[in-house]
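Two complexes come next, and they have one chain in common, chain A, joined by chain B in the first and chain C in the second.
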Partner chain A sequence: MIGLKGRLNVIDNSGATLVECIQVLRAGSHARIGDEIVCVVQRSRTVGVTQGNQQSQQKVKRGDVRHALVVRTKKEVRRPDGRYIKFDDNACVLINNKGEPLGSRILGIVGAELRDKGKYSKILTLAQRVV
Partner chain B sequence: MAALCRSCMTLRLTSTRSYITRSSLSRLTSPDKAPARYTAPREIPIHAALPGPPEKNPMPSLTQRLMDRYDVSGEKAALVRRDNPDRIRPGHVVSVFTYTNYPSKAGVSVFSGYVIGIRRAGLETCLMLRNQLVKTGVELRIPLFSPTVREVRIIKRDPPSRRRIRRAKLFYFRKPEHDRGSVAGFVKADEAARQRKK
Partner chain C sequence: MKVEADSFSGARIYPGTGKLYARIDNRIFRFFNGKSESLFLQRKNPRKIGWTVLFRRMHKKGASEEAAKRRTRKTVKVQRAVVGASLDDIRKRQRPEARAQLRTESLAQRKQKKAASDEAKKAAKAKVQQQQNQQQKVSKVQTKGAAGKGR
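Then we have the complex of A and B:
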């Protein structure tokens, strides 16, 4: 259940580490696993030695406004067979308007609710584990 | 009310109402007969009472019927029956095998974890399992009698003696200082032991 001001860990390598939700792109309720949100980057990984090399430039910095996909929530989510799953933290993956991830790797587990949405196949394949 | 003036045979209205009703007219025209008022019919049919529900509380018999359907062998019920010494207890490590595409029995997925609670609610009895996957805690609440649950296997029973479980619900496992971590080691050891037995 992610709403305005909700904070999520970012589990891809886009550069951001913590984002704050400013808008839930789902009519009239909080974001669950598989919902998109608009968020502001609160903390990002320090680049270290800047090298002007394209590959070492990180894609997002603190203060950037981006879209993200919620992949884990602390609030339990019901599955059609009556099971409930919940994770120890709230996590997301930064995406672009088409639903493609900004990063190239996803570190950690994502919820299997992403499979039902249909357009996040790339994220599902990148994830280390789908639970 | 209207009154007939017998002397002049005119209708004299004696009431504040300025109209003549059917009953008042009939009273005038036939004053000796009984007034034509509505009377209830003599026979009022009284119907026999409908049969009520067969039992006052249908839940126990419904639960029993569903239990007979979903737990034919009685194995699942034995896992949580309180008088069974080999029942699942909080703190045990358990693997739950579920059909991924029920009703097809083809794909089976496994979730293992510590039992941090058993919610006993008849047919809706749930096991609460907790595990660490890739350093993230995952909790799963599984309805034991669901037909999608194929098997519940106890991987490890007794914790080390210095860590005896003294609670029914082990939600304190969520705190980092009490978190037992991943059960992957126990599952692997159990799998190896099963392979050796074969």
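Then we have the complex of A and C:
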């Protein structure tokens, strides 16, 4: 249940580590696993000073406004078979307008609710584990 | 349909019951009810909580009934006939007399082989020696002749 001001960990390698939700792109309620949000980057990884290599350049800095996809929530989610699943933290992956991830790797587990949404197949394949 | 076991208490979790807790370190815990979930999150040790399966196993509660059910199963070794040797043949060969006979036979064969190979080696050696001697003879004659011519 992510709403305005809710903080999430970023689990991809786009550069951001902590984001704060400013808008839930879902009609009138809180964001759950598989919902998109608009967020502000609160904390990002520091870039090494030495090289300005194209590949290791960070894509996202503090203060950036991005879209993100919620992939883990502490609030339990109900599965169709009656199970309830909850994670240890709230986490998200930064995405662009088309739903493609900004980073190239996803570290950690991801909720299987993403499968039902349809357009996040790339994130599912990148994820280390889908629960 | 798979019936899971509660990670804390060992209770059977039928589908549609309980909660699944996925920790960030990729470990998954299943809870049958809020009771076991709460105790788990309080980091209690199930081996010290008297109603859990882990406690009962450790203190061997109710184990006598289980032991009565189990009976040791012994596997019986049966010797079977093989293609090319019927059971009787196999039995015959296993007897000590048959074995002793085989042993003496093989020993005699080995002795014969060794004798034959020794002879062959001797013959080969003699041949080589002869060839060497002949060569030497030839070379001496040649040198004498050459020396004479050179003068």
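Annotations
Basically, the second predicted complex is superposed on the first by the 130 of 131 C-alpha atoms of A that agree within 3 Å, B and C clash if a C-alpha of one lies under 4 Å from a C-alpha of the other, contacts with A are read in each partner's own complex, and residues count from 1 in each chain.
As a convention for this text, a residue touches a chain if its C-beta (ideal position, glycine included) is under 8 Å from a C-beta of that chain, and two chains touch if they have at least 3 such contacts.
Just so it is clear, the structure is predicted and the values come from calculations on it, not from any experiment.
In the three-chain model built by superposing on chain A, chain B clashes with chain C. When the two complexes are overlaid on their common chain A, residue A:Gly82 makes contact with chain B and with chain C alike.
In the superposed model, A:Ile109 makes contact with both chain B and chain C.
Once the two complexes are laid over each other on the shared chain, residue contacts for A:Arg129 go to chain B and to chain C alike.
Shared-chain residue A:Arg66: touches no atom of chain B or chain C.
After overlaying the two complexes on the shared chain, residue contacts for A:Arg32 are found with neither chain B nor chain C.
Only one of the stretches 21-29, 39-47, 165-173 or 183-191 in chain B has C-alpha atoms clashing with chain C after the fit on chain A, and that stretch is 165-173. Residue overlap on chain A between the chain B contacts of one complex and the chain C contacts of the other covers 72, 76, 81-89, 108-109, 128-129, 131. For chain B in complex with chain A, the residues that touch the partner chain are 98, 102, 111, 133-143, 146, 148, 174.
By the touch criterion stated above, chain A contacts chain C in their complex at residues 72, 76, 81-89, 108-109, 128-129, 131.
Those residues of chain A that touch chain B in the shared complex are 72, 76, 81-89, 91, 107-109, 128-129, 131.
The touching residues of chain C, when paired with chain A in their complex, are 15-24, 26, 28.
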